[in-house]
Structure formats: structure tokens, C-alpha cells
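Next up: some structures, all given as C-alpha cells.
First chain A sits with chain B, and in the next complex the same chain sits with chain C.
Here is the complex of A and B:
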């Protein structure tokens, strides 16, 4: 059953990503001011959605892990933490490409951009900690994720005091016609892709943990040096 | 069941802080090093931000806060390294005192170290960069104290957790700065607003309030999480 869902989500993501360029270039209307440059939107915005989704999942799973101390929640947190870095990298590379066309600059120290960058950096720190923290760093990583998630609204308010020139949240709900269809295909493909990555990464984490457990056991009973 | 008299929360925290301060008073190692490092950083930054022998006035606040943050990390690492060298962290955690109180005591000790450094650093920015530190002394002190509390609280949690980790020297700043960055932003922006004269005062008050919220949130998260985060 799990396998079927996994394969179905994978197939959906593949179809979605194959269809997306066709819709982006031939079906979606040209934006009135940016023309062709606006089209990166269909890749940028879903990636940002997935980034925030995985921040939320990572924070939630970390809190669950600290309360229940069940390693399966740690696997979920580790997987989601990695995905924040991945989708954040997509957001932070596609954004400046658009920014160069729209604002004439790759990067501006704007509220929305700074928030995303700081949030991404918290989770890069999280990934570094998981790689190089050594044994016993799960708890520490969970603490960092918890503090990081608590940081999200603060970072948001701290930099929102500055003026923003980033397009607002009202862009997505107000999409019309083929633009809306194209966006939904993109968001759907990204979501399916996100889910299979998350599931695969959780399974990988679990296998690694079990392997370590079995190795410890083997050393204990003298079958492994 | 044993019924030992539980030490009061505040008393336990005060004892831990007093212990740290007594150790420091005997050696003066951390505060001297931190203060010199802060002064050193200011000189380094003056090269980065000077133009024709003059440092840009907007840069002074940023230099002050960078010096505070960097020297704070130095003190933080050292204060916890002492516990590791003497293997005294285990003793502290095994004592009947509440773990939250131990954590608060360590954070309070660090706060005092940092405030001493700031008491030297603020006159230095005035002398070296001509910053108008006497313009709004109370608000500036409030900004520094609130940001220092936030820094010490978050820092103490991570330093305590990192004690048993292999690469703690490199990991501490890497995980600490992204988390305390909102407090540092508030400090820099608030100081800049203070030094702009009275028309920017509402902004400075906004940042003071922001720091208060930052401290409250992270104090709550730290007290809630410290128990389960630090296990020996």
C-alpha cells in the first residue's frame, strides 16, 4: 500500500514536471509588465511553499521528539530539515534571476528576501549540526529546530519593519485563467515531489538508525569487532 | 521516599551565578579576554568602515553590536568549557537543584560578563567613532541589557548542549548566530534610531519592545526545553 502511494506520487510528480514547461510557455498568458521574465514564478513560488511546509514539519517533529523521545520523530525532523535546505536553495536561486529582470539587481536587502535567507541559514546550520555533531546530536538538532521555528515570526517582524518591494501574498489567490491552471500544476508537481523526497529520506534515516542498532548489538554479542 | 528540602528556584540560580562570578573574580580570565577582544574588533572594523580617516556615523552602532556578539561568544564558550574541564557539569546536573535554575544561573553569569564588556565598549565607540552615546543613555542601556539577556539565554542552552559534542568550537557560533540574529538586528536598528535624534525615538521604542518579546519567547522555550535537551 505504502509502496503504491509512493509510486503514484512519483508518477504524478513526473507527469506534472513534464507538463509544466508546456503550460508555462504555451498556455499561460504573458504577464503585462514583465512578459517572459514572470514565468520563473511557476517554479519559484511552489518551491517557497514547500520550504515553509518543511520548516513547519521539522519544527513540529522536533517538538514531538523532545516530548516523546521516540526516534521515529527524529527521522521525520531530519528529513524535513534537509528538504528546507533543498527547497530553500531553489527559492534563493530562482528569486535573484527574477529580481535581476524585475528590479535590475540580483539581491536587495528587502524584508521578504532577508527573512527567507535567515530562515534558510538556520536550517543550513541544522544540516551542519546533523552531519558534524557526532553521536548524541539528535537532541541538540531538535533543540535547534525548535528554536529556529520559534525564530520564524521574529525574523519576519524584525525585517518586515523595512520596506518591501517583493510581490505580496495576494498574487497567488488572484491568478486568473491559464495562469492559475499553470500555477496549480506547478504546485501539485512540487507537492508530490516533496512528499516522495520526504518519504524516501525518512526511510533512509530509519534504515541508518536500524543498521547502527544492529551493529551495536553485533559488537555486544561478539560477532563484530 | 526521601524527602529532602528542595532548594528554592531563585536561590539555586543565584548560587550557580555567584559560583561563576566568584571563579571569574579570582582569575578575571574571561572578562579581560572578552574586553580586549571587543576593543580589538572595533579597531579591525574601523578599517572596514573608514573613509578618509573618518568612520561613517551609521557604522558605529553596527560595530558596537558586532563587538558585543563576537566577544559574547568567546565568553560563552569559555564559561562552559570550564565546566567541562573540571567535569563539574555532571555535578551541577546531579545536584537537587532544578535544571531550569542551573541554566538560569549560567545565563545570568554570562549576562554579567557581557555587561561588563559593554560598559567598556560603549565609551570606546564614543571615543573612537564619535558616537553620541550620551544622547539617550537609558534607552541605550535598556537595548543592551535586553539584547544581552536574549543572547545569554539562547547561548547558554546551546553551549550546554554542545558540551559533549566533538566539534563544539566550530558548531557553537554556527548555530547560535542564526537564532540570535533578530535580537542583533533589533540592537543595531534600535541604536541607529537612538542616535538619529528625537524624531526616530518611536522606532527605538519599537525595537525595545521587540527585544522584550524576543527575550520572553526564548526564555520560555529554553526553560521548557532545557530539561529534556541536556542529559548526561
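Here is the complex of A and C:
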């Protein structure tokens, strides 16, 4: 069953990513005033959604781990934490490139950009803690993930709280026609790809943990030195 | 002296202004410009222009078509310049996105390979220790 879902998500992601350039360049209308550089939007915004989704999954799994102390929740949190770093990197590179085309500069210390960078840095710290923290760092990392999750509303509503240069949250709900279709195809493809990466990363982390447990057990029962 | 300069200027005025009047299209001079005042409460940015072109079309269809043609050329020039300028950013953004995704997939693949290697080594060590 899991394998079928995995394959179906893979097929959908492949179809979505194959269709997306066609829709982006040949079907979606040119946006008024932004013109051609608006095409970055169809990859940038779904990546931002996936970053938020990863943060929520990481936060939820970390909370479950802190409550239950079951390692399977820690595996999920670690996998989602890596994906926050990945999708955050996508957002923080594609966004400034769009900014250079639209505003004439790569970076402005605008509230949305700054809070997004902070969120990403929290999860880079999380990943470093997981990698180099040693035994017992899982709980500290889980606490950090919860702290990062609390930052998401601040990032999302930054454009409402402060006067920012970044476009508002009304852009996506106001999309019409082929622009909307293109965005939905992009978001769907990203979601399927995200699910594949998450499942693969969880399986990898779980296998690494089990291998270490088996090695420890083998040493303990005297089968290994 | 100043009055002499003024007198000469007044005498030359028709000579200077005449070509300007001659170049102004007859239909445009007949238009009531007050109709094209921009009212922010009522008008969107393009409404005044739309109104003007509709009036121009009814007064002189050929002139209306010429204005449209000129706008189209200007727009094409502007769009082409923007497209050329923006294309490199779109290409750069797409390249970076796919490179990051490929990098992540590569990292996972390497970890998977290391894991397989560690499993093989563990199996070999267990076999060696049990003598089978």
C-alpha cells in the first residue's frame, strides 16, 4: 500500500513537473506590470508553502516526540527539518532573484524577507544540532523545532503587520484563469514531490537509527567486539 | 530696450507658433479635453485613455488607428527590452531551484549508499564472529 502511494505520488510529481513549464511559459498570462519575471512565482510560492508544511510537520512530530518519547516521531521530525532547510533555500534564492528583476535589488530588510530568513536559520540550527549535537540532543532539537514553528505565523502575517515591499497574501487567492491553473499544477507537483522526499528521508533516518541499534545490540550480546 | 525685445518677440510669435498649430490634428483640436480629466474615484488608470481613443475613433478612424499602431510599437519595444532583461533572472532562478533539488537528492543517495555499505560490513562482521 505504502509503495503504491509512493509510486502514485512519484508519477503525479513527474507529470506535474513535465506540464508545469508548458503552462508557465505558454498558457499563463503575463502579469500586469511584473511581466516575464512573474514566471518565477510558480516555483517560488509553492516552495514557500512546502517550507511551511515541513515546519508544521516538524513541529507536530517534535511535540509528539517530547510527549511520547517514541523515536519514530523523532525520525519524522528530523526528516521534516531537513526539508525545511531545502525548501527554505529554494525560497530564499528564487525570491531575491525575482527581487532583483522586480525591485532592482536582491535583498531588502523587509519584514517578510527578514522573518523568512530567521525561520530558515532556526532550522539550519536544528539540522546542525541533529548532526553534531551528540546523544540526548534530540530533545533540545525538538524544543528548537517548536520555537521555529511558532515563527511561521509571524512570517505569514508579516505583510499584514508591517508595511512591506513584498507582495501581500492576497496574490494567490486573486489568481484567475490560466494563472490559477498553472499555480495549482505547480503546487500539486511540489506537494507530491515533497511527500516522496519526506517518505524517503524518514525511511533513511529510520534505517540509520536501526542499524546503530543493531550494532549496539550485537556488541552487548557479545556477537561483536 | 526691453520693450524693443518684446516687440520683436511678438512680431516673431506667429512664425514660431504656426508650425505647431499646423501639426496639431484637426480632430484632436475638436475634442473636449475636459472629458479626459482623471477622476481617481471613478476612473481606473486606463479609463481616460480608453475614452479618448473611443472619441478619436469616432472623430477620425484613421487617426485612431495610427495612435493605436504607435502605442503598439512603443509597447513592443518596451516589452522586448523587459523580456531580454528579465529572461536571465528567470533562467537563473530555475537553474538554482533544480540544482538545489538535485543536490538534496544526491545527498540522500549518498547517505543511502553509506547505509548499504555499513549494513554489508555489519553482516560480514557478524558472520566472521559466528564463524559461518
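Rule of thumb we're sticking to: the second predicted complex is superposed on the first by the 213 of 225 C-alpha atoms of A that agree within 3 Å, B and C clash if a C-alpha of one lies under 4 Å from a C-alpha of the other, contacts with A are read in each partner's own complex, and residues count from 1 in each chain.
The definition used in the following text is that a residue touches a chain if its C-beta (ideal position, glycine included) is under 8 Å from a C-beta of that chain, and two chains touch if they have at least 3 such contacts.
These numbers come from a predicted model, not from an experiment.
Contacts of A:199 after superposition on the shared chain: neither chain B nor chain C is touched. When the shared chain is aligned, chain B comes close enough to touch A:151, but chain C does not. In the superposition on chain A, contact of A:224 is made with chain C only, not with chain B.
When the two structures are aligned on the shared chain, A:12 is found in touch with neither chain B nor chain C. When the two complexes are overlaid on their common chain A, residue A:125 makes contact with chain B while staying clear of chain C.
Overlap of the chain B and chain C contact sets on chain A: empty, with no shared residue. Contact residues on chain A toward chain C in their complex (touch as defined above): 35-37, 39-40, 43-44, 47, 82, 86, 89-90, 93-94, 97-98, 100-101, 193, 197, 200-201, 204, 207-208, 211, 214-215, 218, 223-225. Those residues of chain C lying in contact with chain A across their complex are 79, 82-83, 85-87, 89-90, 92-94, 96-97, 100-101, 104-105, 108, 111-112, 115, 118-119, 122, 125-126, 129-130.
Contact residues on chain A toward chain B in their complex (touch as defined above): 66-67, 69, 118, 121-122, 125-126, 128-129, 132-134, 136-137, 139-140, 142-144, 146-148, 150-151, 154-155, 157-159, 161. Chain B makes touch with chain A in their complex at residues 154, 157-158, 161-162, 164-167, 170-171, 174-175, 178-179, 181-182, 185-186, 189, 203, 206, 210, 213-214, 217-218, 221, 225, 228-229, 231.
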